[in-house]
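Common to both upcoming complexes is chain A, partnered first by chain B, then by chain C.
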Partner chain A sequence: MTKLPRWLVALAIVAAAFAILPLLGLASRANWAALPGQLTSPSARTALWLSLRTATTSTALCLVLGVPLGFAVAALRGVTRAVLRAILLAPLVLPPVVSGLGLLYAFGRRGLLGHTLDAAGIPVAFTTAAVVLAQAFVAMPFMVISVEAALAARDGRLEAIAATLGASRSRILGAVTLPGIGVAVAMGTVLAFARSLGEFGATLTFAGSLEGVTRTAPLQIYLARESDPQAAVALGLVLVALAIVIVAAAARPGRRVVQ
Partner chain B sequence: MRLDATVGVAARGVNATLHVPAGQTLALLGPNGSGKTTVIEALAGLTAPDSGHATLGDISLFSHDGDRMRLTEPRARALALVTQDASLFPHLSVLDNVAFPSRARGASKTQSRAVAHTWLARTGVEELAARRPRSLSGGQARTVAVARALASEPRLILLDEPFASLDVDAAVALRSLLREVLPGRTVVLSTHDGLDAIDLASSVAVLDQGSVVEHGPTAATFERPRTAFTAAMAGLVWISGTWDEDTLALADGQHLEASGSGLEARVRAAVALDPRSVKLVPPETSSAIHDTVRTLEPRGDGTLRVRGFLLWADVSIAEAARLLPQVGDPVNFVIDARPRAFALEN
Partner chain C sequence: MNRATPALVTVLVLAAGSAAGAMQTDSSTHGSAAPRSATVDVYAAASLTDVFTQLAQAYESAHPGIAILLTFAGSSDLAAQINEGAPADVFASANEQQMTAAGEHIDGDAMLFASNTLTIAVPEGNPGGVTDFASLANPDLAVVVCAPEVPCGAATAALEALLGVSLSPVSELSNVTDVLGSVSSGEADAGLVYVTDLARADGVEGIAISGADAAVTSYPIAVMNTGDARHAARGFVDYVVGSQGRATLASAGFAAPRVAAGR
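On to the complex of A and B.
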C-alpha cells in the first residue's frame, strides 16, 4: 500500500480525537465504584427496561413493515421511485422534534387519525405505544434503505431460475430473495434498533416523559443531567457500551461477500 | 414433449424458428452474439419475446393475442434451464439446491432430500451433497445444476453452452454425463462448437445473427452444409459454384474437379471438405485452384491456417517456413481426393 501524505494523517488524528474525546469525557466523570448502585436504582432500571422493550418492539415493527416497503420501493421505476423514496426517507434527516410534532398531529388526540383512535378507545399520545411509534417512525428508513439497496444489486436471475423450477411467488420470496438479502436485513435491523434505542426528540414531543411509561433511557439521562449528573453518566455509559456492541455486530456481516 | 417455437426478440435482432421432436436433442449452433442465449432464455421465460409463438407438447409457452404477447408464467412451463453460471442458490447446500424443485412442488423436506440424493447419485456427485455452491469448481457447479434440472422432471431441458469456460477434464466428465442422461429427453443445447452437436444432438439449428440459417439432422447438415456459415461452424472448407460436367464452375471462372452423381447441369452446387484434404502446391500444378492469401491465422495446434478468398488450408509450421506465404501473395490449392458435390437447390 502506498504511504498516505502526512497532512492527511494529521487531519485523521484530529478527527479520531474528536470522535473519542467525548467518550473519554463521559468515562472521566463516572464514579466507577458507585456505578452498579446507580444502574440498579429504580429510575435507571425502569428507564433501561422501557428502552429495551420499546426499541425491540419498534424494531420488530420496522421488520414487519419496513421490509415490504423496501420491496415495494425497489419494484418502482423512474420519477415515482425517486419522489417516493425522498419522502419515505425524510425522517432520516428531519429534526426529531419535527417528527414528534408530525406524529402528534397524526396520532395525537386531535390528530388526523387520533380522533378515530380515541373514539375507538385507543389513546396513543403520551403512552408507551407512542414511544414505539416515535422510534419506528425515525428508524424505519434504515430498514427500507437497506432492503432497497440490496434488492437493487440483485439481477433477479436466481428468482427467474427458481420460477422455472416450479416455485410460487411466495416461495421465491421466502426461499431465494430473502435469504439473498439476509445480510442487508440484518444490517437494517441492527441500525433500526440502534436508532430506536437512541431516540429522544420525537419521543419527548409525542410521548412525553412519564416515568415507567414513556421515559426511556435517553430521556432519563436528560432529566438527571442536572439533579444527579453521575447517574446520567452511568446510564450514558451503558448506552455507549450498547452502541459499540451494535456497531461491531453490524460491521461483521458487512465484511462477508454479498452475493 | 415436442417443441415448436418461433422466437422473436426485436431488441436483440433475434427471429429464430426451431423444432424438436419429443425425446430428441437439438443443438442450437452459433458463434458468440448470434442470439443463442436469447432464444434459450425466451423459451425459459427469463426474457420476454415480442413476437412469435412456442408450444411444448400441449402447453403454450408464449403466443400472440392480437398485438399482445401472451406469456405463460415460467413455473407453468414445465421446463428446466441450466445457465452458463449454473445459477445455484448460494445460501443452500448442494443437496437442498437439488431438492428445491420437489420442495417447490409441495414435497416434504425429507421426501425432497431423498429425491435429491437419487439425482446426485445418478449424476455422480453425491459426495458434494453438504457443500455450498461457492466452494464448488465450475464443472461441479454445472453438474449440480444439471442434477437440479433433472430433479424438476422437466418436459424440456434447456442447456445454455454447457461446456463454456470449463477446463478440459471437467468438460469431458460433463459430456459423458450428458451422453448418459439426455437420451429420451427433449433437449435444446446451445453451443458454438460443431463437435458438441455431433456428439450430443440428433438435429442442429444453425443460428447466424439471430436467424436460423439451417435446420436439419446433424450428420446430413454437416456433410452437406448449405451455407458457408454452417460449414465454418462445422470446421469444413466450403466452396459453391455452378455444376458443369464433372466440375464445379466457380464464380471467377475457375473449375474444381468433383464427382456429382445425379447433379443436373447448371444447378447451384457446393463441396464441403475436410481441411486436411486441402494442400498448398506450386503454381504449375495441374488442376490447382489459384487464389490470393487473405489472412494467415496461427492455430493453437502448431499449424498455420492459410485463408484465401475461395479456399483455405492448414499447413504445418515446417511447410509454412518453406513456403513463407504473405498476405496478398498468390497461392495455389489442390484437393487430395475428388470431392463430392451436392446441389444447393431443393
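On to the complex of A and C.
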C-alpha cells in the first residue's frame, strides 16, 4: 500500500474517534459491579431471549423467502430489474417508523390483509408474530442484495455445463449455483440476523411493547432508560458486543469473496 | 466547484448569523432589567403539546424579542435529558416524580400549574363495546396502556388499585401519544389516556371513568438552572401559572392544580 497523505490520516482519525466515542460513552455509564445483576434481572433476560428467538425466526424467513427473491431479481434484465430492485431494497433506508406504519396498514386489524387475517382468527396485532414480521421486513433486503450481487458476478458457465450433462433446473440450483454463492448467503444471513436483533422503530409502531410477547431487547432498553438508565446501558452493551461479534463474523467470508 | 460556492457562502452566513444570535441572547440575560430578546428553551411533557404551543404563541406575540423554543417528549425522557446537560430553561413535567428526578437543576421552586385525569379512549364507533373501566378487564379486549415506568402508566396503576380492577394490557407503551396511536388506528379496542388527550385526537371517542378524579396527576413547572435565559424563563413560567395561562389550560381541558392534603 502506498503512503497516505497526512491530512487524510488526520481526517480518518477524526472519523474513527467519532465512531468509537459513543461506544466509550456507553461503557463509561455502566455500573460494572451491578452489571451481572442487571443482565440477569427477569425483564432483561426475558427481553434478550425474546430478541434471540424472534431474530432467529425472522432470519429463517429471510432465508426461505429472500434467497428465491434474490434469484428472481437477478434473472430480470434492464429497467424492470432496476425498478424492482429499488423498491425491494427500500426498507434498507426507510425510517423504521414508516416501515412500521406500512406493516400496520397491511397486516394490522384494519389493514389490507389484516382484516382477512383477523376474520380467519389469525390476529397479528400485538403478537410475537408481529415482531417477526417487522424484523423480516427490514432485514430481507440484506439477503436479497447479497444473493443478487453474488449471482450477478457469476458467468453461468458451470450451470451451462451441468445443463449439457442433463441436470434438471432444481439440480443445477442445488448442486452448482447455491454452493457457488454460499458465502454470499451466509453473509446475508448474518446481516439479516444483526438487523433483526437491532430492530426497534417498526416493532414499536407495529407490534407494541409487552414483556415476554413483543418487548425485545431494544424496546426494553428504550423503556428502562426512563426509569433505570444503568440497566438500559447494561442491556445496550450486550447488543454492542453482539453487533461487533456479528460484523466480525460477516467480514471474514467477505474477504474471501473479494479474492 | 464554482456552483457549490454560493451554497457554501449561504451556509457560512447562516452559521455566522446564528452565532451572532446566540451572543445576543447571552448578553441580554446578563442584564438586570427585563431582557429585550432571549430564547427560552421549554421542555414540556408530551401531553402538553397543543396547549403549550398555544401558550408560547400568545406569550411571544405579547413579548416581542422573546422566542419560546418548545421540546416535547415523555416527562421521564425530558428529566433524563436535563440531567445529562440539556440546556432547558423551563421544565413542565406530567408528574411530580419526574420533576423531583431533575430536582437538582431547579432554580427556585417548582409550582403545580394544572392537573389531569385518566379516561378511556376507544376507536370511533367503540367496536369493542367498552362500557366502563371494569369492562376493560374482559380478556377478549385489546387494551393498551402506558408502562408503569412513565407518568401516565403510574397514574394507570394507581387507578387500577383504587378501583380494584386489574387490567391485562396487550401493550405497555412509553407515552400517551403512542397509546392514542394504537387506539386511533383501530389496533387496540381501548386505551387509557388523559382527558386532555381526547381533545387532540382524531378517530377516537372517550368513555369517562367514574372515580377517576381520585387519581389525579399534577403537573409541576419550574425554571431550570441548566439554561441561559433564566430571567426570560421566569416571565414565561409566571405567565403559565397566571390567570391567562390558567384560562388557556382550562380551555384545553386541564383542571386547576390540586394540592393533596399533607404536602
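The rule is simple: the second predicted complex is superposed on the first by the 256 of 259 C-alpha atoms of A that agree within 3 Å, B and C clash if a C-alpha of one lies under 4 Å from a C-alpha of the other, contacts with A are read in each partner's own complex, and residues count from 1 in each chain.
As a working rule, a contact is a pair of C-beta atoms (placed from the backbone, for glycine too) under 8 Å apart; a residue touches a chain by one contact, two chains touch by 3 or more.
Note that this is a predicted model, so its numbers are computed, not measured.
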item: Superposed partners chain B and chain C on chain A - clash or fit; value: fit
item: First, second, both or neither for A:G182, with chain B first and chain C second; value: first
item: First (chain B), second (chain C), both or neither touched by A:R157; value: first
item: Touched partner set for A:G208, first chain B, second chain C, both or neither; value: second
item: First (chain B), second (chain C), both or neither touched by A:S170; value: neither
item: Contacts of A:S28 with chain B and chain C, given as first, second, both or neither; value: neither
item: Partner chain(s) touched by A:L104 [first = chain B, second = chain C, both, neither]; value: second
item: Three-chain overlay, vertex chain A: chain B-chain C angle, C-alpha, nearest 10 degrees; value: 150
item: Touching partner for A:A125 - first (chain B), second (chain C), both, neither; value: second
item: First, second, both or neither for A:E226, with chain B first and chain C second; value: second
item: Nearest Cα pair across chain B and chain C, whole Å; value: 46
item: Complex interface listing, chain B residues touching chain A; value: 44-46, 73-75, 77, 79-81, 83, 87, 89-92, 100-101, 103-105, 134, 148, 152
item: Residue numbers on chain A that touch chain B, as the complex places them; value: 157-158, 160-168, 171, 175-176, 179-180, 182, 259
item: Of all residues in chain C, those that touch chain A in their complex; value: 74, 76-77, 80, 142, 144, 147, 149-150, 169-174, 178, 181-182, 185-188
item: For the chain A and chain C complex, residues of the former touching the latter; value: 104, 108-110, 125-126, 204-205, 208-211, 213-215, 222-227, 229
